[in-house]
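The two complexes that follow have chain A in common; it is paired with chain B in the first and with chain C in the second.
Now for the complex of A and B:
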């Protein structure tokens, strides 16, 4: 895009035949023709830049929109939901006048290109989404997925990502309370770096992204605008990597967490003084996104003078300024008589702030550069009326074959000795092994309100020091289950996160999701996506937990090979008093171990089938959402009434994995008895959903059993907390030392 | 023996928080008139034997693959002749 002569609206109208690089900017021919139709002339270079980034897959959700509507259509009635889907993040009422906002987003592609900065700016982006709602960020979580643990490239990507998350989060002073780390060869060229954030505010402080009131000023504040990440949104996030075209390698963004910290404090102070009418963070698509979204969500239009944008590099063209993804910037709409005070606050925090435009009473977004009008568009056509695709989707031909390759028919251990070896191998496998080498690089406890953090079932943060009110957040996803059956896989991800929240004693309230899939242009991938969304929407409706927002990441694919469909689900819960929480670790010898729920022979997609047989086939575990709800109610009641001292949900790796984790964390062993009607193998390794194992003090045994009996939840006594070994009677004994060596040695050996 | 210097700088379009911190500190310390600061890294490699084309190619390779992160950084390689008493 040349800078001379200036490509103004007038110039564009006079020179209809000028060829613009729409294809290079990622637009399809019909999309470009649609822009010509909307404008009635060719777009200027600046307009083309805006449309191209805003109509990219990443910003417009053009492939996913038709499916995502279900989250709204099937949303359950929930009194807790204060702000629903469509804003920067959803807001949930947690009582006592507090509201909580939370969201999970992906930063997958940038983290593959430049692991440290990609992951760091992922944290920065999600934190700005939370402050744009008027909330103070209180914690972050990071669900991560990498290629095979022993692949050389994992050793490049993982340490960078982990250091980036730790570096940015620790500098901001935000505790990292949860997340996951999963290894699978399918993520080799496409690691998934998802980042979530929780923020807290008072009900009256909720802020929405809109620009209303003619004459109000538009203020850009935060870092100067530079040439980083230009075209990132359209080119980086929306096309698969292609080794043949190194020129497409994008300029990555570098984050500055100290600037972000100033942005947090400065924004919250401005909110405190009620100086802000509307606000929007600058993420993907930068100013293009912020101006068009603010303008189209408000009642009027907007006029912006691009010359006033503070630049880091004075040679930037207007197109580049509009597309730049420089980090740590926000855009606020402020009434004229409050501008001075707003600028004063920014100055106090050493944050550069500049009035770049104002709200008009028209309905156009007009942008000026060197006196010429270079953008004149209806902002809605940029921000909301982008292309929507009904992409063709079809159940892949290999799905039946995959599902008939039944994991229940795999050879099982023939002897107790073999069972013991397989259990040891399981707890030492990269996916089941302790991730503390990774999570200990994050600060869990900064701010002093962290109640639970990794490796607990969910992270928990106290939000009121007086009453002990707290929130819990768990994220889960199992790409192997979703590959076998995307509908059930998405529901299992939700069920697990829901169960994890309840296991700690918190009541699940709302859901955010990060949907990671391959290319939407592949009908098989699109089918996986459609099924997963349908499954998740149905399950949210049944469990009464609305989806408040989230993010879709497509094109996670190298060549023909897409990643496993990986819906990652975050569930937020509330607990009246964090002192009543239930930890994973065994607390006291002599306490009785109970298994809640039904155990069936379910090995499809299981950790056992992966670790022992390198197998993926069959069907994932059955989903029973009513059972999940009942189990959650029991776990929450038992926690509140002090009937259980520890609890752990059962998921990948089955019962033995859960018991080993509780034993190692508590430094106390367990004696287990295989219940009647089950064989030891199924008892220990099946991954039936809707289960948890709890430790009950002897004094509470009768009360706990009565409660489960009265509500109809199957409960089986399976042993006792005891000794310094995990013993399965009649089968094998593994000492805690042996288990610890196996469980905790794997990740450092691979990565340290 | 010769000294080869590899200078590594963030690419011009990449944000340099350290450089900016220095730049912001300057006026506070009374040093006016500096509008921008970019901070980089300098590596001094003492090379055995003659610095011929093969040696330079090798240094280029190690700089590209190890000293610099070429996704966000540029580097230059230059040869500095050894001087007696060049300690100043």
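Now for the complex of A and C:
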């Protein structure tokens, strides 16, 4: 980096031949040449630092952009969408004057290098995105994926990640209401740590990341800037792990949840007094991102004096200050006459706040250090005009072979006894087992509005105490399905999250996604990505749920081995009155169990094929989005009109997994009858999509059947809630005690 | 008239709004108190709620105990002001020596969040009179440092004087001595416990039970009839 003399803009112009470390900063040669072209001279060290982080894969979406456009082009008409893709997070109208913002992000690479801090700062980052929209965060969710449950390194990574999420989220006072925990060997060297957050505000309180109004002050507030997280976005999150390179541990940020909690409170107080013109959180690419995005989204330019940034380490160079990803910092644009009041509020919460610059009427972003101008750029070239790649992609040569290795042809249990053993093995397998050892390390109750939390189908939060208005959020993804067919796999992830929201009685409104894939430089991975995005965009269009924002995480691979393509989809729904919510647990003995939807022989990518045969091949379950929509309408109507007392969606593990979970949660068993036309194995273990099992009070039986019949949804009576065992007539009986031991013992035995 | 019950917000307090809501549901008037402010705004009682005051980076409650608002609370509690400490509030009360003993990290070293069954052991304090002795209730528990410890003499004294107010049933979630979930001072005006009654006041929310509401109706009845 630059030493003496100070590498000012003037100095750069005078010394065109100075070699800069663009390759070490993660830039490609053509990208560096592009910068030379934009500036008409060589960049200063500080400018190079800014371009390198902002043009990284993580910040610029340079490989994914051309595909992500479909989310906008195919977006369904939705009156609910108040703010779409491009801001810190999308905003959705949920009625009664309320708006909800939500988003899912990844913190995969840092969490492998340093599980606790990686996961903790993942929570911190997504929460700041939500605050930056003007909302009070009301809940978090964490979709997690790890290597094999019994692999020794999983015991290093998982407890650290879980403790980090808990340690950070619990200290912020945000209930953790959902998410997933999935194990698969493909994530061994590359766990997926995704974090989602939901926030609530009134319509009039929506804030955007833009700096307008010449003379307005730019205030940096929150933690001091330190040397942590330098290159987090460019070096760590945008490259493949490689043993030959030096440790990337210093690129992981270190979190302080207490500071973040103060930041939340003081930001919300400033919003309440209408002191803020524009706001941006400092996450990936730190000040480089905040200044260039605020300036390029607003109407003017910006002048910043870097000497005024409060530092944790006075020896930091200007380049390091611009690249630092120190956590718990925000940047606000405030009118001059409101600056004093803004600083007063920060002082009340003991939050350090400093005016570091102002909005100018030009169109340049100018940054000064020790009196010299070290950055003079058009902020749009930093924030928005990064390179865009049309990466080559091609259907991998092995895809056909994988799909023709049909899971439906695997040997099935020959006897009732064998079927029983396989069911018990499935219920106890790490992916199907109870995750309460993990989720009990998260606070579900704080804020006093949690209506449903994991292991419910979706988390649900009340947002208005008077009317009972609430929102539901579910996240789902199935990398095995997506590996077999990325187009269908992405649609199945959406369908499951959509179904999970509807199962609890809420109406699905909008989508956020976290797209986790391998290296975009591998045409096979790029094909998976392109197919998944196309599938998701098509399905969102058909279901009428627009994508409001999200995150792409690439380079999730170790050496040549990429993870399964893993699109994780979050669906947000609204429910008029949380009193009508439908839980998973069986409520009363004697209630009738109905299976909604069609069951086919579909075992490709299934839990059964994984647990019993360690097999991945064939095709994933068929997608029928019209059926998903009809099923959702029925579930919502039945919930609203009091026709069902419990409901559970069917997904991995099939019907028997759903019934066992409802039985264990309710402490009530079930007697099941195999319906005509189905064999017991298919009935219990097929993973056909578009299905749910519901418990109907006898008094509602006729009404419920009439509703399903009138609307053309196949409905099959399959049994009754009864006793203290799950009995499949003519096949086997498993007592709740046996099931509980199997279901709840696995995870503590492996990880505690 | 109704009672005015103060809820202190320290930096890092998390359950202050929830506690205010519980007070409102019980029919009393919640009053927000600020950690930097010695003035208790003439409240009739005070709740120290859960959270991680000042980040709890030193020892849970160790810094909050020296805050300006605590100076007044400590002084007035000694002359009878009813004070309830929930979770971090309980930790602060032990640090302030308004209650004996101390809180250590959970014996299993993890944060734990669960619906916990408790037995009410003392239904005569300012905060527990709406329960009956021996009553079994479910209250959510969520903490990192919930292991109650005290020397043997203190434990014997607490047991002999009936000052163990709540005891964990079924499962000791943190390694607390004598399964102690909550205690009271000798006068019965200061009560501390680890579980969170403010999260069990509405039928739909949290665990769906309202077993925590009697904390707030107990104090309301005491104050209004006094």
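Assorted remarks:
Here is the rule we go by: the second predicted complex is superposed on the first by the 747 of 752 C-alpha atoms of A that agree within 3 Å, B and C clash if a C-alpha of one lies under 4 Å from a C-alpha of the other, contacts with A are read in each partner's own complex, and residues count from 1 in each chain.
Assume a residue touches a chain if its C-beta (ideal position, glycine included) is under 8 Å from a C-beta of that chain, and two chains touch if they have at least 3 such contacts.
Values in this document were obtained by computation on a predicted structure and should not be read as measured data.
Annotation: superposed three-chain arrangement on chain A; chain B versus chain C shows no clash, the two fitting side by side. In the superposition on chain A, A:258 makes contact with both chain B and chain C. Touch criterion not met for A:203: it reaches neither chain B nor chain C.
Of the two partner chains, neither chain B nor chain C is touched by A:69. More residues of chain A lie in contact with C than with the other chain of the pair chain B and chain C.
In the superposition on chain A, A:166 contacts chain C only, with no contact to chain B.
In the superposition on chain A, A:698 makes contact with neither chain B nor chain C.
Within the superposed three-chain model, A:443 lies in touch with chain C and out of touch with chain B [touch as defined at top].
When both complexes are overlaid on chain A, the residue A:579 reaches chain C alone and has no touch with chain B. In the superposition on chain A, A:228 makes contact with chain B only, not with chain C. In the superposition on chain A, A:113 contacts chain B only, with no contact to chain C. For the three-chain arrangement built by superposition, the Cα-centre angle with chain A at its corner and chain B and chain C at its ends equals 60°, in steps of 10.
Note on the superposed arrangement: chain B and chain C approach each other to a least C-alpha distance of 5 Å. Shared interface residues of chain A (contacting chain B in one complex, chain C in the other): 256, 258-259, 350. The residues of chain A lying in touch with chain B in their complex are 113-114, 117, 223, 226-228, 230, 249, 251-256, 258-259, 312-313, 326-327, 350.
Across the interface of their complex, chain A is touched by residues 10-17, 20-21, 24, 69, 71-72 of chain B. Chain A meets chain C in the complex at residues 163, 166-167, 170-173, 256-259, 261-262, 349-350, 439-451, 462, 465, 578-579, 581, 752.
Those residues of chain C lying in contact with chain A across their complex are 11-12, 14-15, 17-18, 21-22, 50-52, 54-57, 108, 110-114, 140, 142, 144, 196, 198-199, 201-202, 204-207.
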